[in-house]
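The letters A, B and C name the chains in turn, as written, and every chain counts its residues from 1.
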Amino acid sequence: MNDTVIKTKRLTKKYGTQTVVNKVGLHVQKGRIYGLLGRNGAGKTTIMKMILGLTPITSGSAEVFGREIGGNAKRIYSRIGAIIETPGFYPNLTGTENLEIFARLRGTAFPNAVKNALEVVGLPYKDKKTFAHYSLGMKQRLGIANAILHDPELLILDEPTNGLDPIGIAEVREFIKALSVEHGKTILISSHILSEISVLADDIGIIDQGVLLEESSMRELEKRNGKYILLQVSDIPKTILILERSFHVKDYSVQDEQTVRIYDTTLNMGEVNKALVMEEITVIRSGICNDTLEDYFKKITGGEGIA
Amino acid sequence: MRILLWAEFQKLRRSNIIMFTIFATILIAVIVLVSGITGQLAINSAGWYMTITQVWATMFVLPAVIALLGSYMICREEQDDTLKSLQLIPVNEIKLTVAKMTVALLFSILIYLLLFLITFLTEAALHFSALSMAVFSDFLKMYLLEGIGVFFAVSPIIALVPYLKKSYWLALVLAEVYSFSGLFMSMSNALKTFYPITAIFGVSGYYETTIQSRGCSLGILVLCGCISALLLKNLNHRQKE
Amino acid sequence: MLRLVRIEFCKLRRKNSVWVMLVSAFVMPFFAFLYFGYLGQTNIDPRLFYKWSAFGYTSFIILPFILGLFGTMLMHDENRYDMLKQLWIVPVSKMGYFFSKFFVVLAYSICFMFINAFATVLFGVIPNYVVVEWSSILFLLERCFEIAVLTAIAILPILAVSASQKGYIFPICITLLYVFAGFLITPVNTWLHPISCIMVIIARNGAVPGMTLPQSSVPLELLSICVWGIASVLFANLRLSKRK
């Protein structure tokens, strides 16, 4: 059993001479939430469209459930639910009627699928309001309902909280989390909102100007960018020697000629300082630091922040 | 396929376009009747109303209305941005298009049936004694064949709309000029047989022609259908690339 | 007002279908060309040729239909993209909005008829059907201008209907029927329908040969057009002020 649900290899998309997506290699693991983070126009939607086979791939490949979409559409699509950009529906029909059309076209087996899906996203069943009169938030919810209608194993959600109010965002976040934790769904979610990804995702991919800059698990990222002890000293090699010998510190990284980061925050700093001073090393600064994802994002995208 | 047809009908719910086409059909009948009554023709000669209504309707109004209805349905998915969702189901696009065209054909027939019903009842009110079973069935056949014929004659225009990037406007102008040109084509016997709009009359039996030219007219309409099928098939290919 | 009209023209940028629609001005001259070619006539009375290519079906059916579509198109774009709200808070007065559309339609109508006149001369002179005479060409231009202005006014009801509606389908059906009704009603009664009124005005003093019309009192026809025009402006005013 292969545990990678989505795998792309050197996925590239060019419009004329402009490269929108450049050699992206994504790996989405089964049962996890993968957050694709990037600014507006970074290429997130294009990547999702290529994965779904909605837009031709210029070069490279994208595999879903171990197969390429082309030719296997019927089998693979029934296992995927997706929202790409703002979802479109028939404006003259109500939400329920819209979903019924999609449910019947899919041949969904469960009789209460439409009702359940609407319940999950918090929209009324058999309402009289037509889609044309829906608010932006309701439209988005209906889009999500359509994506989960047929109980798919994989959800591909392109900015699902777009247009929702803060309470709506929190609700959507809750049930996305629940879908993953309770029902074991695999979810690929894109967003330009960093905080959203940081609370939701298990794995994260950071994309900027079509290039995947970083792909790692959230835990690893936190480890690297979360809490650490920053030690600024006059002599790095000597310090490391002391740290390794006397304190058995293995998890550290040297930043420059004077700075070292220690990721084991349980270390007794009093003892360390004492030991260093005894070895005639000047301690310029020592203390616990906390880097946010925001800082990290700025750093890897070359200075530009994100909302 | 049945589900697709069902879905197409569902999509037309609450859609005003159906109301408007019915409204337009009734108004044509009324306008012809008014002009017929003021000109004394409708009252004096039995059968005039039923004959003239279908001619004017086919020459001026209904081809454009049916083209509008058809192109509205064809462009629907792109207009409402539902194509992505349908592709993900996945829905076979050729089947989807066939379903749409079938619904358009059904509507074309229904519109003509409605027109038949109105004109027949009016005729019955005006000259009840002149009506017979033969008149009824002859006219019913004529209207039915025209309903089918009009659909085939305008189908290339419907198929052309997606290529025009959602300009229904152009399609409408095209449909109107196309149907209205039938007036001039009917002046020459050869053109009358081969021009799609007048060919409808040849097939429906309004023009009294030979079997051969009737066959030619039928061939032309079938050719129109083939052209639109080709256009639509090509479109689906183009979208995939 | 002038500013509004100029803005309307700006909105037409990159709308190719507007220009393509002008091509239909060539339809009738072309048919006239075919028709007289079919009859094998030369040295036709220029007015007879003009009647075919410019005064007949062009002004009866094609021009009103095209203008109706064009007007609906102008109105529909703003409705579709929900622009009206933004316009009202600029603020743009509702009648100013309506009339700016009307002037664009008028300008388009004049363009259309001049293209038609040009095509008429082209198709008449090149195959040697009619002799070039400045007086007859001037007559053609003058009448084309009249048709253009009058038809633009006659199309006001359509413009009013499309201003009151969100969709485009209903106004289009109305356009079709309106044009069709005008065509059918003309042999019976000319002052009921604006389009048939135009016919009478164009054919006044027997200027167009072979056009038999039941009535021929120009003032009455003008009055009828005015009544229709004013009624539609009032209707548009009522509907636009009710709409949010």
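What we mean here is this: contacts are C-beta pairs under 8 Å (C-beta built on N, C-alpha and C of every residue); 3 or more make two chains touch, one makes a residue touch a chain.
Owing to the predicted nature of the structure, the values given are computational and were not obtained by experimental measurement.
Visitor: Based on the touch definition given at the start, go ahead and assign the chain network to line, ring, star, complete or other.
Guide: Shape of the chain contacts: a line, open at both ends.
Visitor: So, comparing C-alpha centroids, which chain is the farthest one from subunit C?
Guide: Here the answer is chain A, farthest from subunit C.
Visitor: Determine the chain that sits nearest the middle of the structure, using the mean of its CA atoms as its centre.
Guide: Of all chains shown, the one whose C-alpha centre lies nearest the global C-alpha mean is B.
Visitor: Please give the pair of chains with the highest number of C-beta contact pairs.
Guide: B-C
Visitor: Measuring from the mean C-alpha position of subunit A to the mean C-alpha position of subunit B, what distance in angstrom results?
Guide: So the centroids are 52 Å from each other.
Visitor: How many angstrom lie between the CA centroids of subunit A and subunit C, rounded to a whole number?
Guide: Inter-chain centre distance comes to 58 Å.
Visitor: If you average the CA atoms of subunit B and of subunit C, how far apart do the two points sit, in angstrom?
Guide: 26
Visitor: Show me the residue ranges of subunit A that touch subunit B in the complex, using the header's touch definition.
Guide: For subunit A paired with subunit B, touching residues are 52, 54, 56, 73-74, 77, 80, 82, 84-93, 97, 100-102, 104-107, 130, 146.
Visitor: With touch defined as at the start, can you tell me which subunit B residues reach subunit C in the complex?
Guide: For this pair, the touching residues of subunit B are 16-17, 20-21, 23-24, 27-28, 31-32, 34-35, 38-39, 56, 60-61, 64-65, 68, 72, 164, 167-170, 172-173, 176-177, 180-181, 183-184, 187-188.
Visitor: Where on subunit C does subunit B make contact in their complex?
Guide: 17, 20-21, 24, 27, 31, 34-35, 38, 57, 61-62, 65-66, 69, 73, 167-170, 172-173, 176-177, 179-181, 183-185, 187-189
Visitor: How about subunit B: which of its residues touch subunit A in the complex?
Guide: Touch list, subunit B to subunit A: 3-4, 6-7, 10-11, 13-15, 76, 80-91, 241.
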